[in-house]
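Each of the two complexes below includes chain A, the first together with chain B, the second together with chain C.
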Partner chain A sequence: MRERDLMLLHYITGIGILVFGSIHVATIFFTYPFQDTIWETTLRFDSIPYAVLPVYRNALLAASLFGLLLCTTVHAMNGLRSIITELVGARKRWVEALLFAVGVFLLVYGTRTILIAHSLV
Partner chain B sequence: MLARGVSRSSVIQSLKVMLIPGRYGLERWSYVLQRVSGVVVSLYFIAHVLETGNFVGGITVWSVPDYSFAERAYEETVKLLKNPIFDAGLAVVGFLVALHTINGIRLVLAHFGFSLGRPRRPEPFSPPPSFSSKQRALFWLSISLAVFALLYTLDSLMKVFRP
Partner chain C sequence: MVEKVKFKVFRYRPEDGGKGFYKEYEVPVKKGMTILDGLIYIKENIDPTLSVRYSCRMAICGSCGVRVNSLETLACHTQVLELKRRVIRVEPMRNYPLVKDLVTDMTPLFRKQKALMTWLIRQDNVEQENPTKQYLQSEEELERYLQFTYCIQCGLCYSACPVVSTFPDFYGPQPLMKAYRYYADSRDEGGEERVRLVDRFEGVWRCHFAGSCSAVCPKGVDPALAIQLLRRSALKG
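Showing the complex of A and B:
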């Protein structure tokens, strides 16, 4: 891909992270009154709304987590690629191949977690 | 191992130039902060994907496990992570994410020509013009929100500012 297309993709995924990331942050930090820490509320495994498992069980929230995973993976790998390109002074095929492989692994592993947690009863 | 045509010293030199803004202006500081926060948050993201994968049983599990098995795996992961050092690290990540987000929005606006201000002729014997006032305001907004995110995350995890 040309550099200008990659930068456009970087900005689009950045906006995606803003949208999906806001939902992720809101479910963790803004769904409970502040009597307890989030360790006692939203970071519990189950048994209250917006704990870890109920978030994955909700199809819309699980889809938003997948959107966040996808956008963040592309944004992070492309960001690292552009920083390494600045440091080295030119685009290197081995750097791009390595980051692509890491990105594919993160996508597959993260999607597996979302699907398993969504189906866990 | 580096690619052909790239020496280790030239990469170290580039790293020094990238990371030490020295006497340059705010613009250069925002450049450095954007890159440092991007790298740290990317590393956190990789760790976060691996760590959340643990709560359904880790990398060896590829089908839906027992509820009790997953619950036990999650509790063990939480036991490992619930400590002041991890909490402080997460607060720093909150700081960097907020900084990267608002500064990133500033960069996108600048890239598409918004909030750049009118071009000015360089004045002799005075430093070259840097940020426009809107760009400067957005940079300081990113710093302010980042500090707020740091304190808020710390309080959410450790009740620092509540009885």
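Showing the complex of A and C:
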């Protein structure tokens, strides 16, 4: 993959994080029926156990969550590639291979989590 | 009126193999005196072992690049009294191998310029060697790259670049700016090849747009802008 394609992907996933991240936050705050306060029900999850599950079970929101996972993983791994290379002072192929593997792991594990929460698995 | 100003000069002798040290010299300074004048005064009157590189003394040749109070500048272009300091620290440029005292080896800069083919690329070599016509440009075509031709290759931008400091393989602001200067030239026919060269890991994408290169340029050239324009060209393909 050429560097310009990678960086184009980096910019696109950056915008994707903003879009999907906004949807995610909006989902948390506006979709679940509030019991006590927003903080109590949606962020601490201690007044209602598994309060977040209905959010996951909405197919559209689960898809947006997958979008967020994909964008975050690609953006983070590519960003780390730049940071580590500049920190080390030289390009290391094994670092890039390791980051690729970590990215794939995060994607697989995250997708699995979304699917389980969505009751598909 | 003559004032006494202390010059704290970085000294480095390769034969000692050490990291270098600072040595202080008291220099009588009068209005209009530059840092270079001060260094020449030290060399002529106090310490003849001090090494400093200079030539034109009028900010044209770009030989006397140093760091004065941690800021890259041309020694001949900086007046001592304008700094309004009693102690002035003079150091060699960063990101270059040190030769001696304030003299740096500019090889990395020129090597990277060469790697980016910073010259006019033409397919008609025979015609260019014995031109049969004029190669005219419109005012607009000239303005696309004019400011970048003012570069005197002093290398201050390369010294000020924080990315080159941490990642020496990065081409750096001056070579990339030079590449854009030829890329934007309507007479050049090597655009595609040049874009391929800058579209590498070490190329335009590593710039974090700190802007220190443009801030220190004594000629008002904006290498950071050239890098962003090259990025746009690389994205367009």
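Here, the second predicted complex is superposed on the first by the 99 of 121 C-alpha atoms of A that agree within 3 Å, B and C clash if a C-alpha of one lies under 4 Å from a C-alpha of the other, contacts with A are read in each partner's own complex, and residues count from 1 in each chain.
As a convention for this text, contacts are C-beta pairs under 8 Å (C-beta built on N, C-alpha and C of every residue); 3 or more make two chains touch, one makes a residue touch a chain.
If you're wondering where the values come from, they're calculated on a predicted model, not measured in any experiment.
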First (chain B), second (chain C), both or neither touched by A:G79: first
Which of chain B and chain C A:R112 touches, first, second, both or neither: first
Touched partner set for A:R2, first chain B, second chain C, both or neither: second
Contacts of A:I23 with chain B and chain C, given as first, second, both or neither: neither
First, second, both or neither for A:L87, with chain B first and chain C second: both
Which superposed partner A:L98 touches (first chain B, second chain C, both, neither): neither
A:A62 touches, of chain B and chain C: first, second, both or neither? neither
Touched partner set for A:G14, first chain B, second chain C, both or neither: first
Per-residue touch tally on chain A - higher for chain B or for chain C: B
Intersection of the chain A residues that touch chain B with those that touch chain C: 7, 86-87, 89-90
Chain A residues within the chain B interface of the complex: 7, 11, 14, 17-18, 21, 29, 34, 36-39, 43, 45-46, 52, 69, 72-73, 76-77, 79-80, 83, 86-90, 92, 94-95, 102, 106, 109-110, 112-113, 116-117, 119-121
Residue ranges of chain B touching chain A (in the complex, touch as defined): 2-3, 5-6, 10-11, 14-15, 18, 35, 38-39, 41-42, 45-46, 49-50, 52-53, 55-56, 59, 61-65, 67, 70-71, 74-75, 78, 82, 97, 101, 104-105, 108, 111, 152-153, 155-159, 162
Residues on chain C engaged by chain A in the complex (per definition of touch): 163, 166-169, 199-203, 205-206, 234-235, 237
Complex contacts: residues of chain A adjacent to chain C: 2-4, 6-8, 82, 85-87, 89-91
